[in-house]
């Protein structure tokens, strides 16, 4: 019982939660605006992690700086992928009709390419570097510096994005595209531009997450897939395309996972998460935090 | 005995009462008109009768059997089929394939190929789509797709067909052709129709009896002449 | 008809290409050694430590003029290798291909226990000998002796018994067990628990967790509250990183901390630095040993070639397995049955000392444990091969 | 009819491959037949109704698990049938709630279900104190290959029969518009459930056979999500409009990866990934459509 009430557990839950929220944010932006099932999302997290690792070991750049580099690299990939592949796909009515199936295969191809190009370049050996792992104790809660940094950066990016979407013109047009694609175009939203910026932003968010992850986890070319899965769990629980609810769901998943383990046993961790996921899809496919949309 | 008997149907969506205590009876062989402004509850009534939406209260009987709560496919196989105001063709299938599905699964229970093929030909012939049978349904014009809706309903072998605004969006020539088709179907095959129509002239010409709904309530009922003279209807329609 | 013809052409083309990939073997040509490796997929991160050792061995042998045969001639060595995508079904196909299609002279082992187990019947069927390496499971003992051997002594039943002995010797009286749900960790746990009981060591925490665990805080808070003398974390590499980071965060104070797989990986020490000093792990080789002079040479050559340290378990075992093969060939030539006999009966000198087989198993090399001391991997158990004494872990 | 004869000739040819005396080719045929059986089974649900399943590994895994549990106590053929039945029963049990979910949700749901079952089996195995199960006596590769070929043939005939039946017509109506299908009398729920069960049965048996081939069971391997991805990829690359599609897709990708991994060991995954992308963008109707185009049909 003491454990359950301790700040330590809450800290752990918030760190996981903020990271889940950040990874899912990127995926949700891409799904919401382009209706693409990006199963290569976790591989962008991997790219972000390698960028941070490379910057650290080659140029001694700390992650607080290389995070911008990682975001830029991933945004660049987003640009390339959008201009090179998806503009074509979305413009062709036959292909766009089955956009889900097609995007699934396209991103599967992209995922395979990213993983193997990285494996060829850096070898598949696991990588790691030491950064900010001193322990800070504050109010009886001990935190390694890098995990505290993860919490701060991930939360800042998530809430910053939400504020941006709520209070800027671009944010309004993006939300308009998510909710009513055709109508948004009619009222003069530049669909192409919104889509391009969103895919870059979504990819960049994954890059930021990758940088954060690289400080605490082993880095390998095949590390991405679990992040893809977590991101999908989060955005389903929150509601596909609902950005704010997705962030909330990310934090909730962190809480459910951490407290769920504490209450039952770590052995049930994955069953708990996938069980929750399947239950939400069966009972409330529109997402737990969405207002019910029924025609 | 009436072919279709709707008894005191009420349908509530959250706080909104889409239908309140609506009753009507449709006799075999008649064309029954349903009138009302937008949001009057016509489409909801169709959905309740066809089994797409369960009523909050009330019952529907078809051919003496209670069909409330049955699935649309069961109701269809019992001999009652509807069309959709916003057309729903099987876009990726050809016109003939669209109709064939209806013939295979509809009321008739026909299993032999010849009977199915005949039902398809008949339905296409009846709505004038016989020459377009091999093109994809998504390639038809709106008028064509509306005809396809009717053809599918006919091919199910339904005795009662409910048509939801099959004339909306058609030009006067097309409307005239459609009116002729419907009258012909009733006369030659003895089918029963319940029609919802915005084009009031068409409704008045075609219907034997008309029911007028307003905000989910029945406000008038009678022959076209009677409806034309009804003060309440005039008020609702012409303010 | 058109389609049929195109089909036939495609199939024909495919088979021709396959045939073309198979060069003719002439006298004096290189000796071809075939293997598959998990270059992609879930095991990929672990494979380079093995493949690097293979390549190093090949380069050294070729620099020496080639692999020696009984008649004193030497022929260069060439590898034929494929990616099995971390899938044992592919491993089976690849070895069938290597044997029947590529017609390799010798076989080297793939990475991982499931692959080794899946291969045993294949080797039996084609009567091709293979010295395994990175396989560790009591299931190995069920494999019928014949064409496969396992030089490892890091087998869970022996490890459980040895670890309990070692813990008792270091004065441990209570222990917390955290185990990954993957087979190797679970197997180890199942042998460790009775051994601890017998040694009179109390188990105060016993938890299993799934491989994709992302946070261990609640488990570790529990461990910390119970304050055991020892924390035995039966990790795989990815959760080894997680365990190290979070045990440090929570300040786990146990003097005896073991992390099963992970600490011998170069990146593990790079990511955790001095905080993982004192962590015990499973391996029976250390470059620091004077008893095996070739060990240090291997270590140095590896570091020079790859810029990172060899894995004390996987790299060492991989190199050993090829040394055994090399010595068997030197004695018996390339005829599979002769090699088989040589391996069964022979005694081999490796970077990990003498190796001899009984059935499928190496019965000489003792089961050992290593500890990270000043960033180096030192053997601390058992005493006869130890390169340093066990030092209680001093904080993180 | 011509297709059927051609198919039978191919099956007969493939069945005779062990005569060549080269077990490697027998292995390739096994692999080929396995993917055809899986992709074709998948198409029975997903190509006909448009419900894209990304979780077919679950049926394969269940089949493998049942097979490994029964091996040793009953004859080998019975283990396969039991695996197939178990997969079918599982599909029937979960079908109704699962098939209420549509579109991208269905894609993700099936994936999540497969992972859920994988973790449950892992948990069970760990609770039973089992650390991967080995099978010691397995039928020879030829026998396994013939069985697999039989399953592939069965899957193709099944898929053909479905597409040319009233059942298939109903399913394609469901794919186009579920509400309209229901309205013209198609019993949508029942048909979807039947298709789901039909598409689960053969993968159950395939899982059992594939397990016997490697003789080692571990839940992580048997429920590997890569299996699901490969199935979907093959079927989509082949083209989902015809029965031929999944066959051609499985053959094309199996042979391509066979050629690539043996000749371009470093680059083949990258080439494979690029091929997938190229196919989706430039050959929207799949290999099957491409064959038509070259042959000048349509």
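Chains here go by letter, A, B, C and D, matching the order in which they are written, and residues are numbered from 1 within each.
In the analysis below, contacts are C-beta pairs under 8 Å (C-beta built on N, C-alpha and C of every residue); 3 or more make two chains touch, one makes a residue touch a chain.
What you see is a predicted model; the values in this text were computed from it and never measured.
Chain pairs A-C and B-D differ in how many C-beta pairs they share in contact, with the greater number at A-C. Distance from per-chain Cα centroids to the pooled protein Cα centroid is smallest for D. Work out the mean CA point of chain A and of chain C, and you get 35 Å between them. Per-chain CA centroids place chain B at a distance of 43 Å from chain D.
Once the centre of each chain is set as its mean CA position, chain A and chain B turn out to be 49 Å apart.
Chain B and chain C have centres, each the mean of its CA atoms, that are 73 Å apart. Listed for chain C are residues 40-42, 181, 208, 210, each touching two or more other chains.
Shown for chain D are the residues in touch with two or more other chains, namely 119, 123, 126, 269. In chain A, 115-116, 267, 270 are the positions where the chain touches two or more neighbouring chains simultaneously. The part of chain D that touches chain A in the complex is made up of residues 52, 54, 97-98, 100-101, 103-105, 107-109, 111-113, 115-116, 119-120, 123, 126, 225, 229, 232-233, 236-237, 266-267, 269-270, 272-277, 279-281, 284.
Per the touch definition, chain A reaches chain D in the complex via residues 31, 35, 37, 85, 88-89, 92, 94-95, 100-102, 104-106, 108-113, 115-117, 120, 225, 229, 232-233, 236, 240, 267-268, 270-271, 274-275, 277-278, 281-282, 285. Those residues of chain C lying in contact with chain A across their complex are 39-42, 44-45, 47-49, 178, 181, 207-210, 212-219, 221-222, 225, 237-238, 240-242, 245-246, 248-251, 265-268, 270-273, 275, 308, 396.
The touching residues of chain D, when paired with chain C in their complex, are 6, 22-24, 27-28, 31, 119, 122-123, 126, 129, 131-132, 134, 136, 138, 210, 213-216, 218, 220-221, 224, 226, 255, 258-259, 261-263, 265, 268-269, 291, 294-295.
Residues of chain D that touch chain B in their complex: 166, 169-170, 172-173, 175-177, 179-189.
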